[in-house]
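Naming follows writing order (A, B, C and D), and every chain is counted from residue 1.
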Amino acid sequence: MDQLNNYLFISAILFSLGVFGVMTRRNGIAVLMGVELILNSANLNFVAFSRFGGMNLDGHIFGLIVIVLAAAEAAVALAIVINIYNNLNTINVDEASTMKE
Amino acid sequence: MENSFILYSLLILFLPLLAFVIQIFFGKRLPREGDWVSIGAISITLILAITMFVKMLLVGDPEFKHEASIVWLDMGAFTISLGFLVDNITIIMLLIVALISTCTHIFSTEYLKGDIRYSRYFGYLGLFTFSMNGIVLANNLMSMYMFWELVGVSSYLLIGHWFEKDSAADASKKAFLTNRVGDIGFFIGIMLIYSAVGSFAFTDVFDGVASGMIAGTTLTFAGVGLFMGAMGKSSQFPLHIWLPDAMEGPTPVSALMHAATMVAAGVYLTVRIFPILTPDALLVVAYVGGFTALFAASIAITQTDIKKVLAYSTVSQLGYMILAVGTGVYTAAFFHLLTHAMFKANLFYGSGSVIHSMHHALHEKHDHETDPQDMHNMGGFKDKMPITYWSMLISTMAIAGVPLFSGFLSKDAILAGTLSFAQHHPEHLLLPLFGFGAALMTAFYMFRMIFLTFHGEPKMPELIDDIHESPKEMTGPIVLLGTLSVYIWYTLPNNLSPMSSYGWFNPKLDNHNFKGGLVHPIDSSVPGSISALEIAEHAHHAHHMAMYISIAVAAIGIFLSWFIYIKKGLSVNALAERAGFLYRWSFNKYYFDENYNKYLYQPTLRLADKVSWLDWELYDKYFINGFGRLTNWASKVTGKFDFDVIDQLLVDGTGKIANLIGRKFKGVQTGKLQNYVLYVAAGVIILMVIQSF
Amino acid sequence: MDYILSWLIWLPVIGMVAIAFIPRDKEVLIKQSAAVTTGLQFVLTLVLWNNFDSKDGSMQFKEWAEWIPSFNISYYLGVDGLSLPMVILTGMLFFIGVFVSWNIKKAVKGYFALFLLLNTGVMGVFLSLDFFLFYIFWEVMLLPMYFLIGMWGGPQREYAAIKFFLYTLFGSVLMLIGILGLYFSCGKTFDILELTRVAPEALSSIMWWGMSAIKVIWILLFIGFAIKVPVFPFHTWLPLAHVEAPTAVSVLLAGILLKLGVYGIIRVNYGLMPDGVYWFSYALAFLGLINVVWGGLCALAQKDLKKLVAYSSVNHMGYSLIGMAAVVAAGEAHGANLKAAQAGLGGAVFQMFNHGTISAMLFILVGVIYERAHHREIEGFGGLASQMPVYTGVTAVAFFAGLGLPGLSGFISEAMCFIGAFPVYKGIVIASTIGILLNAAYFLWAFQRIFFGELNEKYNDLPEINRLELFTVIPLLVVTLFLGIYPAPYLDIISSTMDTIIEHVVSMATYASM
Amino acid sequence: MNNLQSLSFFYPELLLTLVILFAIIYDLLIDSSESGKVGWVLVFGLVLVAIAIWFQDSSKVTTLFTDAVVLDPFSTFFKLLIILATIFVSVVSLYSNELRDYRKGEYFYLLGIITFGLFMMVSSIDLIMVYVSIEIVSIMSFVLAGYLKKNTRSNEAALKYVVYGAFSSGIMLFGLSYIYGLTGSTNFFQIQQILASSGSESNSAILMAVVMILAGFGYKVSAVPFHFWTPDVYEGSPTTITAYLSIAPKAGAFAMMIRFFNQVLADGGAMSGLGYFSTTDLPWASLISLLAVLTMTVGNVVAIQQDNIKRMLAYSSIAHAGYMLLAMPVMSGDSIYAIMVYLVMYLFMNLGAFFVVITIKNKTDGETFDDYKGLGWEMPIVGITMTLFMVSLTGLPPTAGFIGKFYIFASLIQGGGSFYWLVVIGGVNSVVSLYYYLRVVKVMYFDGDRKDSLVSPPKVLTAMLLATAVPTMVLGIYWVPIAKWIKESLVFFIQTI
C-alpha cells in the first residue's frame, strides 16, 4: 500500500503542477504542456491502481488509450496555436482576448 | 281609484323625464328651443298633482295609502323591488314640487332668455323634477337613494349651468361632493338596515324595527347614517357649505332646488324614516338641526349678497325643520317644509327679479364690474318694482313669523314642539334656545334684506332709472307664491284663526285623539318610544307660550332691523367694529370654507399626491422596477465576475502575482517556487483525502 | 349550434389568416376583414346568448375532444352564466375595437392580425374548461398585447410593453406551478369541472412545508390572477400599460383583460378551493378596500387623463373584490345569509361587465380628445364644454357612470357588492364607502378642469366628436344606461350560475384546519 | 457479446464510418469550389444512417464489444436526435457566407466524425468509452471552432476551447482514475455494485471524484461553473458550428450524464418509476440541483447584458442546460422523459434561432442587436420565425419551448414538495429570460425604420427556417406522437449482476 501511496502522491503533484501550469503560463505551448501533465498524472493513477490495487488490466488499457488521445489532442492544439501565431504573431494566451463582456 | 293614483304618479314621474330626453336630443332644433315642451310637460304634472291633491282632500282619510312595486332586480334570494308609496304626505310633496317647478319653468323663460344653453337648461329642470318626484314617490330606501343621487346630479348640472365661470364650476362640484359625503352615511345606513331586516321597503323596515330585528345602537347608527344623507341634501352643519355656493346657479334654480324642493328632500327623508329613529338618533338630529338653524342665521346677518342671505336663511330654516323632527313633532317639520317652500321660493324669485333688473341696468351702463347681487349696490327699489317688493315683503313676514302669514303657523308648531321637548327633558334646554335665537335673527336679517334692497336711498343712483319691474312671466309666479304665503291657505276649510294651525293639513287635538287634518303623526316603530299622541299633546300644551315668545322675538328682530337700517339709530359700521371678531367670523361664514380647504381638501389632495408618488415614483420605480434593476445589476456583476474575477483575477492574476514576485526577486524561479509550493500543498491535500481510506 | 364555442374561438384566427394573405397596402380591406370577423363573432355571441338556458346553472354547449391523452389534456369548452356575459362583452368590445382603431396608420396589417389573435386568446380563456387549454389561451394573449402596446403605443411604449409582459408572465408562471400542483395532487386531470369536484377534498389532506396545499395553490393561482385584476400591490403595470397603449388596446385591456383576473379567481380559486375562499376571504375584502382607496387617491392625483382612467380601473376592480369576498356569507359561520352572498358575488360579476363597458367608454373618449389635442394633460384643457357639447355630454354620462350614478349600470353592481359584503365585513365595507366619495371627486374634478371654465383659446377650433367615434361609444352608452335601468337581463343570465357557485363553495368547504 | 458478434448490431455506426470515409475520399477528388458537395454526401449518408437506425430493432437491449457500449432505445433516440441536428446544420452550412471562402470538405466530414463520437457518447457504459467518446467529440469540435482560419476570433475561440476542453477532460480523467482506483473496474454496472456494497468511509473520495467527473460533464453541457468557455467559443466559432455545439454535444452529454448518474450513482430503478435511490448516501440530488439553479440563473442573468446576439444565445444555451439539469435530481422516469422532451423541443427552437442569426449575418455581416433593427419589416418570414423562436425559448405557449418546460416542471412537481423551490426558481428564471429574448423582438420590430422593400433570404435557408419553425409551433400544440416515441425510447440497458 505504501508504494501505491507514493505513486498517488507523485500523481497528485503532477496534477497540481499541471493545473498550475494551465492557470499561470502565458505561452500557449506551456499551457498545453500543463494539460499534458494533468493527463499524465491521471495515467499514472490508472497504472498505479492497476498494478498495486490488485486489479485487472483495465487501468493499463486506459492509460494507453489516454496517451493516444493526448497525442491527438496535442496535435490539434498545436495546430491551433500555430494558426494563432500566423494570425497574431504571438502565442501568448493573454493576447487572444478580443471577446469579452 | 287606487289605480288612478298610481297612474297619475307614474305620469308625474315620467313626464318630466320625457321632457328632459326631448330637450337633450332635439331641444336646440325646436322652435323657442323647446321650452314649451318642458313647460307643457310640467304643467301636466301640475294638473295631475292638483287632481291628486283634490282627490286626496275628497277622500279625507289620514290613513290613506297606496303602494305598488315591481321586482327590479332578482338574484333568487336577493331581490330589490322598486315601487311607489302614495299617501297624503307624498301627494302634498308632489304638489309642492309640481307647483314650484312649474313656476320656475315659467319664471325661467324670461330670466334665462337668450342663454346659450337655454334648451339644455330646461332639460335639466325636467331631469331634476323627475328625480325629485322619484324621491317623493319612493316606497323603499334603495330607490330613494337612487333618486337621491340623481337629484344630486341635476343639481350639479344646474349649478354648473354657467360653467364658464370658475366659481360656478367649483360650486357644482362642491355641491355634489358634499352631498356624497352625506350619501356615504345614507348608504351605510341602508346597508345596516338591509343586513338586519332583509328588505328596503319602508313598511318592512318599520315592521322589522317594531319586531326588534334591528335595535339598540345598531338602529341608532342606522338612523344617524340615514340622517347623514339628509344632512348632505338639506345642508346641515357641518355639510352646509355647499348650499351658499350653489347660488352660483341661475336664480330660478335656487328657488326651485336650493330653497323649496331638493334641499327639503333631506327633511322629507327624515320625516319618512322618523318611525325608526331611536331617541338617541333623534337627539343627534335635533342638535344638528337646532345648531344649524342658529348658526346659519348668524351668518346670514352679515352677508351682503342678496342670494347669500337667502341661502343661509334656507340653511337655517332647514335646520328648523330638522330640529322639529328631532324633537318629535315631525309633522310640524313637514308643515314648515310646505310653507317654507312657498315663501322661500318666492323670496328667491323676488331676488331673481331684483338681480335681473340690476343686471339689465348695469348692462345699460356697460358696467361689468359691479356685482348685481350685492345689496350695497341696491336700495330704494320699492317704487320701481312694486310687485316684487310687496310679494317679497309678504314672504319676509311669513319667514319672520309674523302672524297672519303661513310661516307663523309652521314655525310656531316647531317652536312649540321644541319647547315642550325641553319641558320634558330639561337637560335639552339648548334646543328651544337655538330655535328662538334663530327666529330672532331670522326676523332681523330678513328685514335687513328688505330694507337694504327696497328702502332708503339708492346706493347707486345712476342705476335707479334703469331699474324696472320684471315682465309678467316673472312677476306671475312671484305674485302667486306671495299669495300662498298667507296663512289662510293652510288652515282652510276648518279654521280661520291665524293663531291656530288646525286645518286641512294639521289635525286638531280633541279628547286625546287626532281629529280632522290629513297629516297625522304616526307612532315611532322603535319599541318603548313615546307615542305620537303624547308628543302632540305635550306640544299642544306648550303652544301658547311658544306663540307668545315667538311673536315677541319676531317683533324684536324686526324692530332692531328697522332701528338700524331705516332709523339709522345705530351705525352698522360701528356695530361691526364693536362686535369685532364676531362680525368677522359671521361675515366670513366662520371660515368654514377656508378651514375645510386647509384641513380637509388640501390634505386629501396632498395625500393623493403622496399616495400617487408612493405608488409610481417609489413603489413602482424602486420596488417593482427594482427587481429588474437587481437582475440587471446581478447580470452586470456576474458578467464582470465571469470576466474580471474568474478570468482576469484568478486566472491571469495568479500569473500576474507570479510575475510581480518574480520581478521583485529578479529571478523567475523563486517566485514560481512559492506558487509551486502552494499548488503542491493543494495536491497533497487531495492525497491526504485519498489516504483516509 | 354544436360547435358554436369553437367557432367563437377560431373565427378570429380565420380572420387573421385571411388578413395575412391580403397585401399590406390594401389597408381598407384589412380593416373591413377585421370588422367582418369580429362582427360575425359578436353576432355569434348573441346567438349563443339567445340559445343559452339561463335556468341552468351548469356548463352548457360543452365540447370535448381528446388532445394529449398522456397528460389527460383535452380540448374542452363550455359556457355558463359566469362566462357568457364575458363572452358577449368580448364580442362587443372587439367589434367596437376595430372601429376605434380605424385610424391606425402604422402597419395596419400587423395590427389587425395581432388584434384578432388577441381576440382568440381572450375568448379561449373564457370558454376553456381544461386547465391546460386555459393556460395556453391565457399566455397567447401576452404576445399580441406586447406588440400592440409596444408598436402602436405612446412614447414610453416599449417600456410599458415589456413591463406588462414581465409582470404578467411572472404571474402566469406561478399559475402554471399551481396548475401542475393541482394536477398531481388531484388525480392527474386538467379538467376544471372534474377538478372542481375532486380538488376540495383531495387538497385538504396534503401538506407542503407545514402549510396546507390549499393555501399554497390558492396563493400561487391568486397571484397569477391578481396581477391581471390588478390587485394592489400587483397593479403598477396597469397605469403604464393603459397610458401607453393605443386607444383600442386600452379599451380591451381595461374592458376585458382585467376581467380575466376576476373571472379566474371565481372560476378556479372559488371552484377548486372552497376552503381557501374561507381562509382568504378577509384578505380578499381587505385587498379590495386597498384597491378602492389607493386607486381612488392615485386617480385623484393624476394629471394625465388616461392615467386617471387607468387608476379608476384599480379603484373599480376593488369593488369587485369586495363583492366577491361576500360569498362566504352563505356559509353557516355567517348565518347562511344567502342574500348577501348572492348580492356580493352577483355584484362582483356584474361589476366586471359594467366596468368593462364603462372603462371602455372612458378610454375611447380619452382617445377622442387625444386624437384632437395631441395631449392628455387634464390641466391643459378647459372650457371644452362650449366647444364640443356632444362630446361633453357623452363624456359626462361616461364619467357619471364611472362614479356610480344610479340609473347607470355601475351603480347597481357597486351597491350590490357593498350590500353583499356588508354583513360579513362591516368595517371594511364602511371604510371602502369612502371610495364613493373619491370616485366622485376624481371624476368631477377632472371633468371640471377639462370641460368647465373659460375655453382655452388654443382649442377654439377643436372639432366635435365625429360619427365613427360616436358609433363606438354610443352602443356602450346604451348598454350602460339600459342595464342601469333594467339589470334583469344580465342578472337572469348569471343568477343560476351564481347560485351554483355559492352552493359549491359553501357545501364543499370542509373547514379543514389549514 | 464479443467483438465480432457485436458488429452485426453496429451497422449504423459502420455505415456512418463508410460515409465519412467516402466523404474524405470524395473531397480529395473534387475541386475546392465544389467542396460543398461533400456536404450533400454527408447529408445523404446521414439520412441513410438514420434509416438504418430507425429500422434497427433496439427493443432487445444488448451490450456490445464486451460491455463497452449498449444498444437500447434510449441511445437510438439520441442518435436520431443527433442526426437530425447534424443534417440541419450541414444543410445550413452550405449556405452560410462565413464558410464561403474555405474548402468545406473537411468541415463536413469532421461533422460526420463528431456524429460518430456522439453515437459513442450516448451508448457508452464504460469509463474508457466515456472518455474516448468525449475526446473524439471535443477534438473535432476544436478544429471546427477554429475552422475560419483567417478569422482571429475563430482562432481565439479554438484556442480557448482547446485549453478549456483539454483541461476539463483532464480533470475528469483524473476523477475517473479515482473511481477506477476505488472500484477496480471501468464498467458502469460493476462500479455500481461495488459502490453500493462499500460503506460510507470512502464517501469523501467518491465525492471528490464525482465532482471532478462533473467538471467534464459540466464542460460538455456548459453548466456553471464549467461554462466559461461557452460564450467566447460560441461567439468566435462559425455560427453553424455554434448552432451545432449548442445542440448535439449537449444532447450527447446529457445522455451520458443520465446514464452515469442513473447507473453508477443510483440503483437504476428510475425506469421502473420508483425514482431516485442513491447508491451511496451522498447528496447527488442537492448537488445537481445547486448546479442547475446556478446554471440557469447565471445564464439568464448574464444574457441580459449581451449586445451580441450570438453571445446572448450562448448564455441562453447555458440557461437551457440549467433547465434540463433541473430535472436531473428527481431521477425518476418522468424526469428523464422530461429532459428528452425538452431536448427535442430545444433542438428545433435553438437551431432555428441560430439559423436566423446565420441568415442575418449573411445579409448584414453582423450579429449585434443593431444589425437586427427594423428587420421584422424588411424580412417578414425571418422576423416572424425569430419571434416564434424567441417566444419558444422563453417558454410561452403555444410553442414547443413551453411544452419542454411544462414537462420539466411537471416532473419536478411530481417529484414532490422538496423540488417545488426548483420550479419556482425555474419559473422566475423564465420570466427573466423573457427580457432578453424579447429584446430581439423589440429590436426587430420597434427599432429602426420600417422599410417597405422586402428582402428574402435564399430559398433553402427559408426552408430551413420553416423546417425548424413549423415544428416549434406544431409541437407546442400537438406533440402526442413525439411524446409517445420518447416514452417508448425511455428504456435503457440495465445490467443486473
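The working rule: contacts are C-beta pairs under 8 Å (C-beta built on N, C-alpha and C of every residue); 3 or more make two chains touch, one makes a residue touch a chain.
This structure is a prediction, so every number in the text was calculated from the model and none was measured.
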item	value
More contacts between chains, B-D or A-D	A-D
Most centrally placed chain - per-chain CA mean versus overall CA mean	C
Inter-chain centre distance, chain A versus chain D - centres from mean C-alpha coordinates, in Å	26
Mean-CA-position distance for chain D and chain B (Å)	76
Distance from chain C to chain A - Cα centre to Cα centre, in angstrom	65
Chain B and chain C: spacing of chain centres that average the CA atoms, whole Å	35
Residues within chain A bordering two or more other chains	15, 100-101
For chain C, residues contacting two or more additional chains	166
Sequence positions of chain B contacting 2 or more other chains	628, 639, 642, 647, 686, 690
Interfacial residue positions of chain C with respect to chain D in the complex	67-71, 106-107, 135-136, 139-140, 142-143, 146-147, 150-151, 157-158, 161-162, 165-166, 169-170, 173-174, 176-177, 180-181, 183-184, 208-209
Chain D residues touching chain B - in the complex, by the definition given at the top	178, 181, 201-202, 204-205, 208, 228, 231, 298, 301-305, 432, 435
Contact footprint of chain C on chain D as seen in their complex	377, 387, 391, 394, 396-398, 402, 406, 409-410, 413-414, 417, 420, 423-424, 427-428, 430-431, 434-435, 438, 441-442, 445-446, 450, 478-480, 483-484, 487
Chain D residues touching chain A - in the complex, by the definition given at the top	127-128, 131-132, 135, 138-139, 142-143, 146, 149-150, 152-153, 155-160, 162-163, 166-167, 170-171, 173-174, 176-178, 180-181, 184-186, 231-232, 235-236, 302, 305, 311
Chain C - residues contacting chain B, complex	166-167, 233, 236-237, 239-240, 294, 297-298, 300-302, 337-340, 342-343, 346, 383, 385-386, 393, 400, 405-407, 411-412, 415-416, 418-420, 422-423, 429-430, 433-434, 436-437, 440-441, 444-445, 448, 451-455, 486-488, 491, 495, 498-499
